[in-house]
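Encoded as structure tokens, here's the structure I'll be asking about.
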Amino acid sequence: MPSRRYILTLSCPDRVGIVAAVSGFLAEHKGWIVEAHHHADPEAQRFFMRQEVLTDSLPFGMDEFRRRFSAIAAKFGMDWRLSDTGVLKRVVIMVGKQTHCLDDLLYRWRSGEMPFELKAVISNHEDSREFVEFHRVRFEHVAMEAGQREEGLGKIAVLLEKHAPDVIVLARFMQILPARICAKYPYRILNIHHSFLPSFVGAKPYHQAYARGVKFVGATCHYVTAQLDDGPIIEQDAFRTNHAHSIEELMRIGRDIEKTVLARGLRYHLEDRVLMNGSKTVVFA
Amino acid sequence: MPSRRYILTLSCPDRVGIVAAVSGFLAEHKGWIVEAHHHADPEAQRFFMRQEVLTDSLPFGMDEFRRRFSAIAAKFGMDWRLSDTGVLKRVVIMVGKQTHCLDDLLYRWRSGEMPFELKAVISNHEDSREFVEFHRVRFEHVAMEAGQREEGLGKIAVLLEKHAPDVIVLARFMQILPARICAKYPYRILNIHHSFLPSFVGAKPYHQAYARGVKFVGATCHYVTAQLDDGPIIEQDAFRTNHAHSIEELMRIGRDIEKTVLARGLRYHLEDRVLMNGSKTVVFA
Amino acid sequence: MPSRRYILTLSCPDRVGIVAAVSGFLAEHKGWIVEAHHHADPEAQRFFMRQEVLTDSLPFGMDEFRRRFSAIAAKFGMDWRLSDTGVLKRVVIMVGKQTHCLDDLLYRWRSGEMPFELKAVISNHEDSREFVEFHRVRFEHVAMEAGQREEGLGKIAVLLEKHAPDVIVLARFMQILPARICAKYPYRILNIHHSFLPSFVGAKPYHQAYARGVKFVGATCHYVTAQLDDGPIIEQDAFRTNHAHSIEELMRIGRDIEKTVLARGLRYHLEDRVLMNGSKTVVFA
Amino acid sequence: MPSRRYILTLSCPDRVGIVAAVSGFLAEHKGWIVEAHHHADPEAQRFFMRQEVLTDSLPFGMDEFRRRFSAIAAKFGMDWRLSDTGVLKRVVIMVGKQTHCLDDLLYRWRSGEMPFELKAVISNHEDSREFVEFHRVRFEHVAMEAGQREEGLGKIAVLLEKHAPDVIVLARFMQILPARICAKYPYRILNIHHSFLPSFVGAKPYHQAYARGVKFVGATCHYVTAQLDDGPIIEQDAFRTNHAHSIEELMRIGRDIEKTVLARGLRYHLEDRVLMNGSKTVVFA
């Protein structure tokens, strides 16, 4: 078991003295830093930072940390957040007929590799009910067939309201979420798209890739925004292909890439490693 | 020194008996096959083959091989070609201000790693003249500045006519060839595009990739067609990037990928490993 | 569902006429070849071939195929094998305390991605019983603690005898099989070793890799022979690491590589894509 | 042209307050940090840091920087170094008959991609003289044939003494340097070994890899110590291979990996990105 830590993430206009102020504050209170990352974006003239500090090394808790730090934050105009690795994030997974990403995340969750609180799995197919319920996890079926889509989306909105997730994972959900839901969970909905974005936006990307004759095929984990497949990219990967691969083989090999790319993206998010820089991400991996 | 070989490449509608007919023909004449590749495309219902046969193992030369094989080719409706590794292909390299791909190809050529007959290097910049001429290779400068472009393109057409290349390599030439030149050398003009096509077509792909915040950046070697960056893809590769890479660093790392992708694509072409399947390539690597 | 196929694999001393004989035989009987691979090893002067033929295209079944083909096989001195994709291979998986490879294979099996007949899971730990039995698969616990090892190995030998597996998969079993068991299933026991062999043979390879400070860490799927971690390599892969990765992180990232490397190796084996060439493999992937 | 920078690298026993002290010092003098890296090794209980500071942002030069910083360094028991990107490092390249790494480094040097002061190229073969001298770089031939080896090594020692290199690059030199030379330039001699160390130490690694039947082949850039191929690893990479690759093809593909691995390792070294942690490196890439 790794020790409990506070994770401080922040961004602010770049100037002299930010690191000195933050590390001075931590040092003053004997905060033991286990991991630290900085990034200065010279174009945006913005500075980004993530600090992992042993909870036990500090003489105070979250509230006092927040109270004391807010003076520094105000001085530098910081967007900042403090989280506690001892408090698991609440997750809802949404899935369609293809369950490889769901099954992969369930393995990582039940084995303890990836700690989070799994509130529910929502699907428009019954296929994964038995497997999800084996894990003693709530399975919610929402019909999304033609004629039921509007009602289904309403039901999803209610379920999300109820489970109040910190993160929503679209693990090959294959339904487009309406703008009103996207807007409600900014940078808190993760999607896995089965192409190397911005190549092959939209439907059937493996078919598109096959038709174009590309020599690598990839997958992309990104935040969902109202514009399809256009959200900030968190993680990508790709595999070499050639003329001998059929579309079915691209799909088979692609599943392995989708699983690992989504799992990496989700881990970065759960561990507060992803900071926003305009429409791009800073990922302190 | 590898032994001299005949390379037979062909494609035809798929049916029973193609391999039997071709390998029967070769076996009958004691042809020693050193390398063989097949591909059947079930969608296009087309069959592709490449055979490398030791020249010395056959009792006849190219002309007789062609004469005898044409009966089989006619029976199966083959598109086919026979080449001789003992006859070097004629190459013209065209280059702009950035010379990393040119310099890399010159290394492979002078070291004997990649055997071809280098007829000329054409450039709209004088920068690489000294280095090219050190290799005792003809350097042709063609002015392409504003107002000189049309004249320059005419001069290029004449130079190509004169050097009669089997292959034209656009090694970061950065000028768009007119349709009339593209049409004259079908599947014989190779370009290196510094993005992972179909992502980031056109100008300044590294800037586009930086702006989109992708996590991998790539390069593509493709045949040039009249439509920009849309020709059949021969080879691609990519490298992992992150928020910390500036555009300059993407360019620096990208150069290494561009060099190897172009060199691999050119090698495949020179060794007759690339067959056309509609707008896609079959690469028997 | 892909169509049923016969898979013919063979190796023999290299000479003129092998392909002609085999493809002539298939063509004569209207055999429709869906996939074909050849390899000639000029050092060993040995030839290797794999042919996938549509069962329905042939006028006879396995026995008649075997009977008729044996004349050709005898003429060329072939080691050969004919298998039928309609007959699933019998698999026994053996696993220790770490279940990531087991869980991954169970996903591929239950989803139909990787078709085989799963006879039993054998483990010296009870941890995975519930998950295995959820799949309605037989779980066999064999105690292997100090003092029980000899008895345990005896019980394993009996279980293997009973389940008569075509393939035994050591999915992080962490116990060394005795030579008598290894010898009984030549090239039929697959192991996943969590290092990039031949680096870091034996115990705790991630610790060894960490101590040496390598910049890539890998995994190897190989056939088990009597000599530890020295059997023929079927498949490998690796991931980039750096000074910031702790041993625990190497283990975490390594699990993903182990899973895919073992799954790929097993798929190659199940699909008869692995041929032996002395102590090396020819993998027609 | 990137702006001139001071690079501060240090390591010391880990404790609270190091970052605060260093960043406080820099902030106090208005030092503008362009890039910063930290690493805490919990096993060695040691802390590592690299800071890149704009020279122009500081009110003093190197000497004054050193004088003022030495108080902090003493307090924390730091091993530390300050360098100036405006002062190019002195490099001597040593090469054997194979010149791909030399030619690659010469490209990077003459194009300005990799700035350093190239004092001389030393070789026991005349082959690369013409190409080196084209670059107006001093070429020193040292005979190393049987009977001349001792004398040759003496001559090399004298040449190194004369050129006083900051870094010596063994770019496929293929001769073992005696312990007395290794000891004189600790962590200042870089070698490229054409295998994925610790696999295939010593002579003919591609032959060893071919014989073992591995599925990836790699290259390693490491510091030279008295023990063959056992020095601290700076950078590695690898490429996928299979049964179809001959030893000659492994060598050909390997050259591209060797070039990029050595170039990356050398760049890390020239930019003071490599810190020593016992027998391992911390590379702030």
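When the chains are written out, they are named A, B, C and D in that same order, and each has its own residue count from 1.
Just so it is clear, contacts are C-beta pairs under 8 Å (C-beta built on N, C-alpha and C of every residue); 3 or more make two chains touch, one makes a residue touch a chain.
Not measured: the values here are computed from a predicted model.
Summarising the inter-chain layout, the chain whose CA centre lies farthest from the centre of chain A is B.
Of all residue numbers used where chain A meets chain B, over half belong to both copies. The two sides are thus made of the same residues. Across the two candidate interfaces, A-D and A-C, the one carrying more C-beta contacts is A-D. For the pair chain A and chain C, the distance between mean C-alpha positions equals 35 Å. In terms of their C-alpha centroids, the spacing between chain A and chain B amounts to 41 Å.
Chain B has residues 42 in contact with two or more other chains. Residues 2, 99-100, 103-104, 107, 111, 113, 134, 248, 252, 255-256, 260, 263 of chain C touch chain A in their complex.
Residues of chain D that touch chain C in their complex: 39, 41-42, 48, 196-200, 212-216, 218, 232-238, 242-244, 246, 277, 279-283, 285. Those residues of chain C lying in contact with chain B across their complex are 16-17, 19-21, 23-24, 26-28, 30-36, 38, 40, 42, 57.
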